[in-house]
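Multiple structures follow.
Two complexes follow with chain A in common, the first pairing it with chain B and the second with chain C.
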Partner chain A sequence: MTPKNIMEYSYYPGCSLHASAGEYDLSTRELFKTLGIGLTEIPDWFCCGATPAHNVDELLSLSLCAKNLELADSVEGDVAVACAACFSRLKTTQHTLKENETKRKQVEKAIDAPVKLDSKVKHLLEILAKDLGLERLAAAVNKPLSGLKVACYYGCLLTRPTDVPNLDCTEAPTIMEHVIEAVGAETVAWTHRLECCGANFTLSRPGVVIQLTNAILESAKAAGADCIMVGCPLCHGNLDIRQKEIEGVYNTNYNLPVFYLTQLVGLSVGLGSDKLGLDAMIVNPTPLLKEKGLL
Partner chain B sequence: MIISQETMDVDFVRKVETLSGTSVRRCFQCGKCSAGCPMATFMEHPPNRVVRLLQLGQWQRILAGRSIWYCASCETCTTRCPNKVDLTSIMDALRKLSWDAEGASKESYVQLANKLFLQNIRTYGRQYEMRLAAVFNVKSGQFLKDLMLGPKLLAKGKLKLFHSKNKNLSEIEKIFTRIEEMRAKGEAL
Partner chain C sequence: MSRIGVFICHCGENISRTVDVERVALEVGKMPGVAFSTDYKYMCSDPGQNLLKKAIQEQKLTHVVVAACSPRMHEKTFRKAVEAAGLNPYLCEMANIREHCSWVHENKEEATAKAIEIVGMMVERVKKNRSLPAITVPVTKRALIIGGGIAGIQAALDIADCGHEVILVEREPSIGGHMAQLSETFPTLDCSQCIMTPKMVDVANHPKIKLYTHSEIELVEGYIGNFQVTIKKKARSVDEDKCTGCGVCMTKCPQKKIPNKFDQNIGMRTAIYVPFPQAVPNTPVIDRENCTMFKTGKCGVCQKVCGPGAVDFEQQDQLIVEAVGAIVVATGFDLYTINEKPKGSAIKGYGEFGHGKIPDVIDGMTFERLASASGPTGGKILRPSDGKEPKQIVFIQCIGSRAREKGISYCSKVCCMYTAKHTMLYHHKVHDGQAYVFFMDARTPGKSYDEFWRRSIEEEEAVYIRGMVSRLYQKGDKIVVMGSDIAVGVQVEIEADMVVLATAVMPQKGADTLAQKLGISYDKYHFYSEAHAKLRPVECATAGIYLAGACQGPKDIPETVSQASAAAAKVMTLFSKDQLEREPIVARVREAGCVGCFACKKVCAYGAVEEKEIRDRQGNLIKVVAYVNPGVCGGCGTCQATCPSKSVELDGYTDEQIVAMIEAL
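Then we have the complex of A and B:
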């Protein structure tokens, strides 16, 4: 008999986790199962609209998120979000509609239901660091990530703007470092952990993305990192999928595997490569993990 | 150019303020937004100047340029503004108004990507990256763009060729329709 879960969440994976970020979805489900945290996927959730929707049609963006909050309400527990962009949109919607009554009325008319302004929306990092807690997380570790130097990359939307995600400090956050240090890894101090990778331009302006992402990879490498850890499938796409291309453009060699936080934490609690989707990563992490005795 | 009462279009600026929920008059031009903006080097009018042009009612100069389409919505400006000007929302409002006045801006690739993204939501309820990228390349005439990435992503299982449809698609259509109706009646911008 499987023991009862210690916590239950209503899970919003977001579009990327059902496609290009399948390994983030897989490793999240496996890690949370191991930690005794229940995740029930919200039935028939919709796209949150991400950056393109609020870029040109804020009312639509707010309405899509409000609809998702309504759907999430049918599942027990706070809303667990994996993608930094979905997380940001859902939190922004609650924040904006609390402050602006005119917009709230418009959205309620669009979705034909009251907006769930007070349901708690949490990023996976927050669940691991605060709800589960670093002590319980550390207690679950059976393969500490000793000797692995990790550059924690926050990007834009996990922490900004002030008063909206409320995950951590906007200019000097530490939550990612705390989580990964709790499972035995080392972290590096580096300059570009909060810089933008150009995420939403990956389709329309790849040249811009290549320039911004190169600066991030260069900074992580210069700080002596073995790998980068992210909590966002868009950052991951740019840092991992485009890394080879960037190396070609700048005639350099980074060879920095880019892990989702759930993959690294999953490794530390003893999950195998097949349950973490490590083979889906474009920059092959196997040599590094073997060298550190983690695989 | 002489700036006078006649050259200022205050109605447009009011629309920007309503949509963004922020006042452009609060800005005292410290320039902190532009200092931290990762995209400022790509813009002819950096963020602080966009606000200054709005203060002066010179919005046509903003819409004629590419600045608003090079904003990455990273929220750095809004986070750092000492006077609580929500510049990210001002950028959203400007894009919305430019979007409504079709063809106002030359940055067609970004607009095309946004348009296809929204169409996908209306048709499928969710985003399907493979479809989005393929249609974007065809419509923008860049058939070979990122072609080298394709086979690699397919092999890694990162591009899904088939997908299931949401069972509640009619609800998403209702949201789009209701918003269109509200706009037609002048109940929403």
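Then we have the complex of A and C:
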């Protein structure tokens, strides 16, 4: 019999984790299983609307998130979110509808149900750092990431919008650093941890994205990082998939593996490459991890 | 039998637009006791007041009701007019048919009916008003000034020059405040020290000014004309009477590496120190937290070298009580420490500018100390990190100010001008350097101000970029400034050697605590509130307390000095009489009914209720009752509402009057 989980969450993976970020989903499930945290996927969840919806139709965007929150309520536990964009949208929806009664009534009419304004929406980082706690997290480590220098990359949405209560200070957050230091890694102080990577302009304006993402990679490399850690599938896409192309454009060589936070934390609790989806990474992390004695 | 006159005001169209004033006059005229009623376009104007005075005399009126605006607006005006016509002013009441009626209703029929009822209530109330003699209280003709910056100094000198005694209390070891820290001042570029230090000396030498530095206000009791203030004089560890100010102690002190707050912590000082060489008084103070003698009990070098034997390690804090008649609050401002996020505050801080982390990102006051001839670099503009001269310097305005989403919505008022001044000082000292300024707007209202700002661009070659900065970060020994130029619509990146932030002007830390001691009000930012934004800008709502300078809101030097002199004038007006007249609307205790429970004493916000012994002719104590000191009573009526035996009543608001008003409905 498996021991009872210490905590239970209602899991909202978001579209990316069922598509391009499959390794984020896999490593999240495996890591949480190891830590004794239950994740129950929300039945029938659907897209949060991400960036496109709220740019086109605010009511649609709010209703999509409100409906997802309603569905999430059918599962025990706070809502666990992996993707930074889903996290930001769900939190923003709750905030907006709390502040604006007219919009709330419109949305309630659209989804034909009351909005779950007070259900707790948490990013994985928050669950690890606060709910589980850094001490318990550190206690679960059996392969400390000693000697690995990690550049923690927040991107835009983990701590924004500013007026929405989110997981950390908008302009000087530290939660990622705390989590990864708890499992033995070193962090580097670098300048571009909060700069935008260009996000979904990667399809429509790749030139812009290449320029912005290059600045991020350049800054991480200059700070002496071995790798970058992210909590957002879109950031991951730009930093990882486009890295080779950027190296070509700028005639340079970064060779910085880009990990999801669950992959790095997963390594520290002894999960193997197959359970973390490391083979899905474009910039091959194997040489680095071997060099550090982590594989 | 009362002969009441009712005067209904149109207030231009403010009232007559929604209230049929003529009909009100007609209906009110029929009420019992009303002998006369009329309406007029502007009752508060000269012809309006004359109409009222004439009617009182011709109609032999005994009471007056003016139906117009709020009594907060014009009660005094009309009571004065009534008094001039020979009636006791407290036989006049106002019926508020503007704020309470015409402004808040649309339907003329209903509003008119309501106006008639409001006036009817006041008619019933005024019938039971009695003539009240004015209360007089003696005035102690000494003033207390809190804060020894330019505001406090100016107010102190003005009052003292008029012949009144002044107690000036300053928290720091020297007077001078922020103005003493500045290098040059806009818009004339005259040296701040040159215009400030003579005034400081005047204060020290003035026979009428008693100076307490290194001291704080502990407790304030009393009321206008009669305050008792307890001042905590913190131990200086140096006897002010013996010390000659020779400075040997400071040259010999082995602790030499303590950041000097006066130099914005970029310069160093010793443990026994004066904040700056021109300090007043020129008496050193021992910083007990950093003094080896106080930390370990071993050292005492300063005591050994002091010729007059002034160093006294045993000195204790002293509590001194001073009686004063008026108080001027001039506690000034502080700059927003943007890397701090005060707990429980709406202020959000600015992590993105690296202030406090990148050594060459400094605030405006630090730049003043770098540019000042008496500063830690002797007036050379040098970077705090490596002492190199910055060749590219970026100034960023509106840091904190005018950023609602970050917690502060007001404009700090002085930054546009001092940044323009900074670009000039920089250009004068670093000839091959380039200054850039990021700004939202340039706000330069003031005499010769816009000309000064234009000069920084046209003659002193500062490049102004309209737009804000999103982030600063260190790259090698440069600071990358990422901003936008909204005039051109492009993103801008400048690699600067030094960045100066025009951080918001905020009230002094602890401004709220002092306000609570004084019983004055403050706004959400803790700036002190004036009694009226336009017409009583230097007085607090609390009688006898006045405001000067930036403790009320961001201000530049000319404005601060003007307000300080205005506050001084107000104090001198108060001191021009030996007795002070007070509103006689105070509570009175019916001693026969009072059982001495003192519930009133517990609820009185003014501390006006005292215990009074009632004795018979043989001197035997019969009972102890409450007594309301009319000099202190604020007339709020809380005691009346609280008294279980209904033995205390507020004149003009007795239970009988309130019931009569209700019955008139």
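Following the convention adopted for this analysis, the second predicted complex is superposed on the first by the 293 of 295 C-alpha atoms of A that agree within 3 Å, B and C clash if a C-alpha of one lies under 4 Å from a C-alpha of the other, contacts with A are read in each partner's own complex, and residues count from 1 in each chain.
Keep this in mind: a contact is a pair of C-beta atoms (placed from the backbone, for glycine too) under 8 Å apart; a residue touches a chain by one contact, two chains touch by 3 or more.
What you see is a predicted model, and the numbers here were worked out from it, not measured in a lab.
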Task = Would you sort A:L289 into first (chain B), second (chain C), both or neither based on which partner it touches?
result = neither
Request  = Determine, under the contact definition given at the top, whether A:T162 touches first (chain B), second (chain C), both, or neither.
outcome  = both
Query = Touch check for A:C47: first (chain B), second (chain C), both, or neither?
reply = first
Query = Touch check for A:A172: first (chain B), second (chain C), both, or neither?
reply = second
Task = Have a look and say if chain B or chain C is in touch with more residues of chain A.
result = B
Message = Going by the contact rule set out at the top, does A:T191 touch chain B (first), chain C (second), both, or neither?
response = second
Remark   = On chain A, the footprints of chain B and chain C overlap at residues 162, 170-171, 195
Query = Which residues, counting only chain A, touch chain B once they are in their complex?
reply = 15-16, 18-22, 44, 46-47, 49-60, 63-64, 67, 88, 96, 99-100, 103, 106, 109-112, 156-157, 160-162, 170-171, 195-196, 198-201, 203-206, 208, 212, 241-242, 245, 279-282
Task = Using the touch rule from the top, collect the residues of chain C that touch chain A in their complex.
result = 341, 348-352, 405, 471, 473-475, 480
Note = In the complex, chain A touches chain C at residues 162-163, 169-172, 191-192, 194-195
Residues of chain B touching chain A in the complex = 19, 21, 38-39, 42, 70, 72-76, 78-79, 86, 88-89, 92-93, 95-96, 99, 109-114, 117-118, 120-121, 125-130, 132-133, 136, 145-146, 148-149, 152-153, 156-160, 163, 166-168, 171-172, 174-176, 178-179, 182, 187-189
